[in-house]
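As written, the chains take the letters A, B, C and D, and residue 1 is the first residue of each chain.
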């Protein structure tokens, strides 16, 4: 489990022969040892993806030196989009909520238990109901009312909060207001939402009521990156639960809460572990 | 497993107090012994549903006498819709297919193995490809070409086949032509289809291609009764399978075949065991 | 959903004809209206089980009067074991934990959110680590060290706590000490445990290590009533998650936590809703 | 989907830095283009595993020349165990059955449909019941009675059949006789069995009866390579289905058949696609 803290290298670019060899040979020359390598080629789109975890203890330089050399010698000549992460860093993450607390409890308990490697400096809500939950975990709570009429001002206040706290990733844990493109564009592929249906079925409002009216035998939950198109962003994770004719809407909501908790937590974990690459409104998930 | 072959009583009507008592007291007076009783009240729609399996060996009459008395003394005063089935009867069932054989193999093997209690006198197809499959199981194969242009004539020929064989239930095992309301209205809640998606997501054509384009992490299959609204009929059974970015459309199709087989087989089994009651475009499934 | 608060009647006895009629006719005569009826006959063991939810608003007496009459007129003549519950009552429940907090967080959050209808007057632990969690939810925390050497004294203190608080149901939320028969016999079918494997596979200690060594492709969790035979009591609920060769023991533990949370919460919910009947070391679960 | 038929390279050896670079650089120099690369390091056992699918159309030699050079220049210096497969080759596979036909139907239908890339020259059985099934698919059927008393002779006849047909892989599709070590050692990691339980729970005989007696809420099926220790070989694939108190043993058997079919078919598919590497009584499955 413990061992040396690995570095994580994420790469994507147009596919062509020799990419794996180029990256791994560079790594071998510099003294890195691969722990996990995941690679994928989207043959239709001709895109190459790679995620590499490697042990840097034998490197001939520090991480910054490695990154600089990799950028010059490998990434630039192959026109790669890339990032190097240190697994010891704990990204700063904000949680936005409204009135439902089940996902908030769950995420904060996972952060405290060390399962989610992140710092949560602030919980933001358009209601004040969940302030005691955040406080119980020692997390600051910012109450920023938000209605369609006041959205511009509310989002400005939220952005000030996020920037003030150096937040990199935003999790919408059943936040019930739509965010403008102006807001979400600041955090491309870094705003994660949980939608309480098996998208694309039952997009939009009151999905459990829609599911009940249709008489489905399974309900779902979907976690996705937020884009300006409501409920249309790249899907990170989905799961379902079985329901029957005995389940009233209230039962779907109850069963759905377990799905929402687990699906959102998995998506946040995958994101924080740098296992998700988004492109063309889809994701590559190296699980 | 063996034991006396039970009778199955299905009832639904407007809900009011005393319905279970009325039915079960009548049964007790006549000497029937309940083996399974399932009951459901849709509180929103105020509809009462009941399915009763009982051992008739102690009855004071034969099944016909019991049915006549039940109709007069219980069903009529309570305005019940009801049916009495003898579990020994094997309903006559026709299978309609096009070119994909996986569901046909599966259904015929289950009928032969005794898992599905039915007689299959005929397989009907708009193509001739699967004739050897039907023949391999000793089932007659009727090739009835069907295109939008010739639909009326084709359906007339199919109806003649079904009526000639005394067919009660029709299974569309990946039959790729739309059936007219004139056809399906003859078999209300007795035409069972398999749609290769998690309805209502990806209704219509080429659902695996739609699912791949949307980048979903789960694919599904849905078995439902056919109504004149395409893919909108009451859902009997659904299930899903996990997919990843590695799965091309061909992989979704491959994984989907296992779903289609199992979901359709379960729906047909539930139907043949008289465990499905459809109302308001939904089903009550006493599984 | 809301509506009048129903009464719940649980019955089991030797099977014979007329039991459903006897109970439901009595209920109809007294003015009760059935909302849900679940019934099961174990044909091998010849045992009859029934769970009835009914609306008491039209009863010709209060619940106590109904119970008294039912006992005399129906239960006694048929030698029934039975109980009548008022759904508005919130059973008093104690949670026993050691060092792992994930199930404790989850249960307390569900109680606070109203999903689990119970009062939790006390959390008991053989360690003090989780005291802040209990306090964060406003629940008293009792630290009672417990080792094999001091077990008798520790159990005496725990029993005093449980009796002092009027506790009816005990949940072992990853409590890592064995309880003596003297303890568990006081709470027959009212001590609920979560075991972190798919029982009967990997009973005993360190099941995730055992699962990893065996190379299984699924891990499980099992919630069961505690009996003097370790890990052998009647199973209430089980579920599984998929794992691969990439999952080290630490990953099995991480994935397993989600199973443990959900499986234990479901079992406690089923128990509190009076949906579980245990007999012959098995359960009937009217889910 | 179609495209050039790839070559598949499987490698495992003691782990050390530079292995991925060595293999992929060799491949790049020779003109191969990687389509899929899966890699795994078992950190505890210090074993390196790799599976590589590559497009050979740009190679500077044919497959044999490539293999020869790879062996000399890469595999030998790194002490690799390795194999090169041509995906166009269809391995010859024999199916052994007893009286249950559901897995046999399923496998033969998948072979005919092209989903399983194999030739099936012969079905062998210790009973004659399933001869019509094999014949219906145009496959030769060899009836070789096998009892504990005649096992040596029966196995000699079976080995003669397998060798006469050039069979590489043997599938036990509910074959109810134990095979001796002398038999299975001839086909190391090439005899695939389906056991009708979630191993290691309910190893040995009559697992559905055992599961029913224990009152489990899930049943399972396990496909594994056969080793001399009964039900102890490396697990390839497992899955489960939910059951309830209503399910008698006959229902577990019925539900289990669907599991057995699907789990065995997935394991055979994974094996035929060269996605399974077995070591230390476990498997690495590059799914």
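FYI, contacts are C-beta pairs under 8 Å (C-beta built on N, C-alpha and C of every residue); 3 or more make two chains touch, one makes a residue touch a chain.
Keep in mind the model is a prediction, meaning the values are calculated, not measured.
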item: Chain pair with more C-beta contacts, A-C versus C-D; value: C-D
item: Numbering shared by both copies at the subunit B-subunit A contact, with half separating same from different; value: same
item: Farthest-lying chain, centroid of Cα atoms versus that of subunit A; value: B
item: Averaged-CA centre spacing for the pair subunit C and subunit A, given as whole angstrom; value: 35
item: Distance from subunit D to subunit C - Cα centre to Cα centre, in angstrom; value: 42
item: Where subunit C touches two or more other chains, by residue; value: 36, 40, 43, 246, 248
item: Subunit A contact footprint on subunit B (complex, rising order); value: 40, 42-44, 198-202, 214-218, 220, 234-240, 244-246, 248, 281-285, 287
item: Residue ranges of subunit C touching subunit B (in the complex, touch as defined); value: 3, 17-22, 24-25, 27-28, 31-41, 43, 58, 242
item: Touching residues on subunit A, where the partner in the complex is subunit C; value: 1, 36, 101-102, 105-106, 109, 113, 115, 136-137, 246, 248-250, 254, 257-258, 262, 265
